[in-house]
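What follows is a set of structures to go through.
Presented sequentially are two complexes of chain A, the first with chain B as partner and the second with chain C.
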Partner chain A sequence: MKKTESPGVKLAKKTLFYVVATLLVMTWLLPLVIGVFTSLKSMDELMADPVMWRPPKVLHWENFVDTWNKAGMGRYIINTFIVTVPSVVGALLVSSLAAFALAFYRFKGSRFILITFVAGMLIPFQMLMIPVFRMSNAIGIDDSWAGVMLFHMAFQLGFCTFFMRNFMKQIPISQIEAPRIDGAGEFTIYSKIILPLSLPSLAALGVLEFTWIWNDLLWSLVLLRTDALKTVTLGLANMQGEFISRYNLTAAGSIIAALAPLAVFLFFQRWFIEGLTMGADKG
Partner chain B sequence: MKKILAIAIVVLAAATLFVSCAKKGSNELVIQSYMSDEAPKAAFQVLADQFTKENPKIKVTINTTAHEQYKSQLMNYLTAKEAPDVLTWFAGFRMQQYAMKGLLEPLDKAWDNTQFPAAFKTASSYNGKVYFMPQSWYWWSVYYNKDVFAKLKLATPKTWDDFLAVCAALRKAGIEPIAIGAKDTWTAGGWFDYMDVAVNGGPFHQDLTAGKVAYTDPKVVNTFNYIADLSKKGYFMKNAASYSWQEAATLMFDGKAGMYLMGQFIKDVAPANKKDSIDWFRFPLVGSNTAYGVDTPFDGFMVPAKAKNKENALKFIAFLARKDTQESFNKSLGRLSSNQNVPVPNADAQRGLDMVKGATTAMQFYDRDAPEEMASKGMDAIVEIINTPAKAADILAALDKERVRIYAAVQ
Partner chain C sequence: MAKVELKNLVKVYEGNVTAVDKATITVNDKEFVVFVGPSGCGKSTTLRMVAGLEDITEGELYIDGKMVNDVPPKDRDIAMVFQNYALYPHMTVYENMAFGLKIRKVAKAEIDKRVRDAARILDIEKLLDRRPKQLSGGQRQRVAVGRAIVRNPKVFLFDEPLSNLDAKLRVQMRAELIELHNRLQATMIYVTHDQVEAMTMGDKIVVMRDGKVNQIGSPLYLYNHPINKFVAGFMGSPPMNFLTVKIVDEGGQLYVVVGNMKLKPAPSHVELLKAYVGKEVSFGIRPEDIPVAAEGIDSSAGKILARVTVVEPLGAEINIYASTNEQSLISRVPPHHTYKIGDDIAFAPLMEKARYFDRENELAILPVKFDEQA
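Showing the complex of A and B:
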């Protein structure tokens, strides 16, 4: 039998929990708060006052207008959408097909293929910078969106396939066998049965991938040279000069850039939580 | 579900189509630039617009990449099949290493000896051919807070002993004598250049950056002893390694630090109300030496051997060398023009120019005169010596091993 705690101990535990939780939340929020403060200060105030978490004396909303106009954030954000959306869609499409095969077909080497996908995730991408540039330059897709998309899809494939395959494994095999007996083709089973069942995990994965690809600097940096093609992370990096960094404008730009993934997350939030915990409680 | 699939496929197909349509025209000029600072970027755009006006048939595109990232991507720009036509870069070894590998286009056709001093041609050439078009330059010197010096009744030091006395007086008054933002290790590179030239003279320093002298040579050790001595006396600011150069400059603007060995661009970051209280003096002379050296890095342009529109590139390079274009670019930035026919923009620049004219040695900067890897190891070592002066001998011994390895790979 469980011993019941006295009200005093209960209260102390509760207080401790809230104190620790509040401290943790504050620690996590501090960088964000500093970012917002920095984005609203003038450069002179920033340079004169080393205390970053002091609220701005005068609110300089024009920093946001400045980054938008001078740094050309509008163009960069459109470019990033153009790169991100097809990359996410492509990665999800290809990886769900691969996951379908890995989850439901028994064939020689299926385990090996799965391990290859997982192993691919373990390679640090920085190591591949020069090979990727050489290859894309040789086949003429460097300095183009197609190249960036292709590499995003390729590099995200490992994680996506692994994630989708583990999810699909939980779908009872009878869901496949029944339509097969009824004469459905394999692609029909994939598109009419398995994909709708996987929708929550697809949504969760989509949100994750969207954020990752949106925030990517490495591949855009390696592959894009032309200003008109550059993505938002490169645009933010360009606000650092050779000698002078305009911290306030960079902070304002970062906040603007963070809005898109935030909006996507809020929109898909319901599926996101569902998808991540899917299968955690076996009924 | 079919709908979603159909949409996905359509999106992908549209994207590929869209991308493959974006083919490039023929009469173009593509410039890859690291001028991401607001002021130089705007000044450069003015030049590009003027070039377009003079050559209406050439379509000019400027692509800007942040400075640090530009450096990491330069090799890609130089070796790409469709390389950019004009690249911004630095003179000295930093450029010559690429000329050595045959990655650059000679610019002799655009070079005019009446426009540039002979010393500029040397730093812009490799094996008798010009590969670099200098545009602007700036000087390094010891910047100081005039208000602090006035309050403590300090005169600007001329000799090393004067300098030590000023440091002692500042320390006594509770002010950090020497600001240095060692998080950016290049700030230490300036100390190395100036200290070594002051102690051992210009020719010796040039041999050192060329890899001909060991870092364990007694003369080099002597240079580092001067730096270690400053550190032992506590004249470098505390926690230097946790400040970026810009943050450390703030200490001097606020009067919390007295002096800062820095490039002329430090004026650009001073808040408007502090600009006038910042001035500079020449790095002090050591011992009986009267000859001095200066760090005068110059920036300019080069053309990759694989450039697509070489004719336009050379036209643009000749355009950039002209007196009027250099004047228009540098006047607004307060920098000095490489073209010697351009009048000096202001009194401060005149003083800088006079200092340079009186110098026996002009250096580009440690990380431009020495191979990049060597300079980065060297600058790390200097910062380490500033932090732990007692270990100087060990640090230099380790550094010399790197020298042997790095120069073996370069030659």
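Showing the complex of A and C:
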């Protein structure tokens, strides 16, 4: 039997919950609000008023235009798209293939391969900066998008494969056997049955990966030197010095940069349908 | 023509677990054969070897006279209905049924014709645009069968297809599958753990236990001539009664002795029982063959006296559970009997119907065929 609480205790608990939740939400939102305000203030206002969370007196929308044109955000955003989209697609494609094999085939060493993927996730990337830099130099892919994409794909593969394999493991084995008897080849089973069934997890993983790669600073920093190739995080970091720390432009640039993952999330969320496999079997 | 022959099929899993041990079974063209046995007896594994979903460790498998041990499932020309239906959840009913044909590059018009024909047979024409999750269990089952039908395969394989349905629907689908078999005139192999399904559906039943085929035969042959105690107890509900009895010879007359009660064995059984004089054997008698000793029942062979422990009125008949000398038995009697728990009761077993089993190896003492057709 559960003890019933008195209305007073219930109310106190509820109040405590809302107070804590509100504090947490505010803590999380405050930097965002400051960012938005900063992006709309003039440099003079920023310097004159040390209170960061005061709303701007005049809305300086031209900050967004300036950061796009003068500070080169436009170029950086396009560059980042060029790097991010193929990296995400590549990582999802290769990892879903690997996951398909690891989830459904019994072969010698499959466990070892899975463990290798997982272990790879545990290596701190900072440790790999110098090897990656030297390796990319040696094979001549340094200071190129191809190099950045390659390393993004490689480093995301561990997590993606692990994630996809665990999802696919939940698909009943009869979803492989039925098409096999129906006459489908293994690639058809992957592309026509398992991949569509994995859409919810692919969508979730796609959004995660897009955000991570989009926001990555480390590999771009290690691999890219030419300004025309730089991605958005590098661009934002550069702005600090170039424009003698024009915070309003940096803030406006950050907001533009944050819009892309948001758009991707909104686009993909319609595939976050839970229980797509429902109805495959007895239910 | 599609004959399936299993010759000494063996399946050994990793860790040296033998799932199927030298199964030799012949499934004739157009025959409906049921593999039946308790869970873990190897019946599903045997079916999956026929399907090509499990490798064959040893032995030979022939479909249509051609050895197919190393032929992949898609080239064996078989269709299978899975226990959990295994419908493709992201496809409509139509697409589910058409999938196998599309893969095999059948012309679109032909696919459409076959899918609609099958849908008509199964009465699922109105469901063609739905997805599996919008269907009830019974409808999913029909789609799964439909997916097999459209392929027009040499052999149909069913892996416990009705076990997820409720009792009423199961009886209905059972009848529909029998009808379907008559209509299609196809070779079918059906796996179940339900002896009622086996009895009612099969032209031929293969009883398996612990990876071994115990006996093969028509339902009535297995019911009346079980090869061992296991088959005797497995086929039939309520199951056959087994009493431990002693065979004694009193001045040339053989008796079957239950506690202090003596029964005269049927004349045709006497010769075979002579070898067991002075020994204990298992006396098997089906519930319907041990009527209450009453007017109009021949009790000249002797009676078994017992006390009623449970009465199960089923309407058309009554199951009476009784115990004698610490041995219990069930009798199926007509509904006019009015016995109550604790009543004394006398049974007059039909000795001609009695079966005897060796206590040590549990084999039938009366001669019985392992394979009725062999």
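Here is the rule we go by: the second predicted complex is superposed on the first by the 251 of 283 C-alpha atoms of A that agree within 3 Å, B and C clash if a C-alpha of one lies under 4 Å from a C-alpha of the other, contacts with A are read in each partner's own complex, and residues count from 1 in each chain.
To be clear about the criterion, contacts are C-beta pairs under 8 Å (C-beta built on N, C-alpha and C of every residue); 3 or more make two chains touch, one makes a residue touch a chain.
Just so it is clear, the model here is predicted, and its values are computed rather than measured.
In the overlay built on the shared chain, the residue A:Phe265 is in contact with neither chain B nor chain C. With both structures placed on the common chain, the touch criterion links A:Asp44 to chain B but leaves chain C unconnected. Contact with neither chain B nor chain C is seen for A:Phe81 once the two complexes are overlaid on the shared chain. In the superposition on chain A, A:Ala178 contacts chain C only, with no contact to chain B. Residue by residue along chain A, chain B and chain C are tallied for touches, and B comes out ahead.
In the superposed model, A:Trp68 lies in contact with neither chain B nor chain C. Residues 192, 196 of chain A contact both chain B in one complex and chain C in the other. The residues of chain A lying in touch with chain C in their complex are 172, 174-175, 177-185, 188, 192-193, 196-197, 199, 275-283.
Those residues of chain B that touch chain A in the complex are listed here as 1-2, 4-5, 8-9, 11-12, 15-16, 18-20, 22, 30, 32, 34-38, 40, 61-69, 72-73, 76-77, 79-82, 84, 245-247, 249-250, 253-254, 263, 265, 268-269, 271-273.
Interface residues of chain A facing chain B in the complex, by the touch rule stated above, are 43-44, 47-48, 50, 70, 82, 85-86, 89-90, 92-93, 133, 137-138, 140, 142-146, 149, 191-192, 195-196, 221-222, 225-228, 234, 237-246.
Residues 51-53, 72-74, 78-80, 82-90, 99-100, 103-104, 131-135, 137, 140, 147, 151, 164 of chain C touch chain A in their complex.
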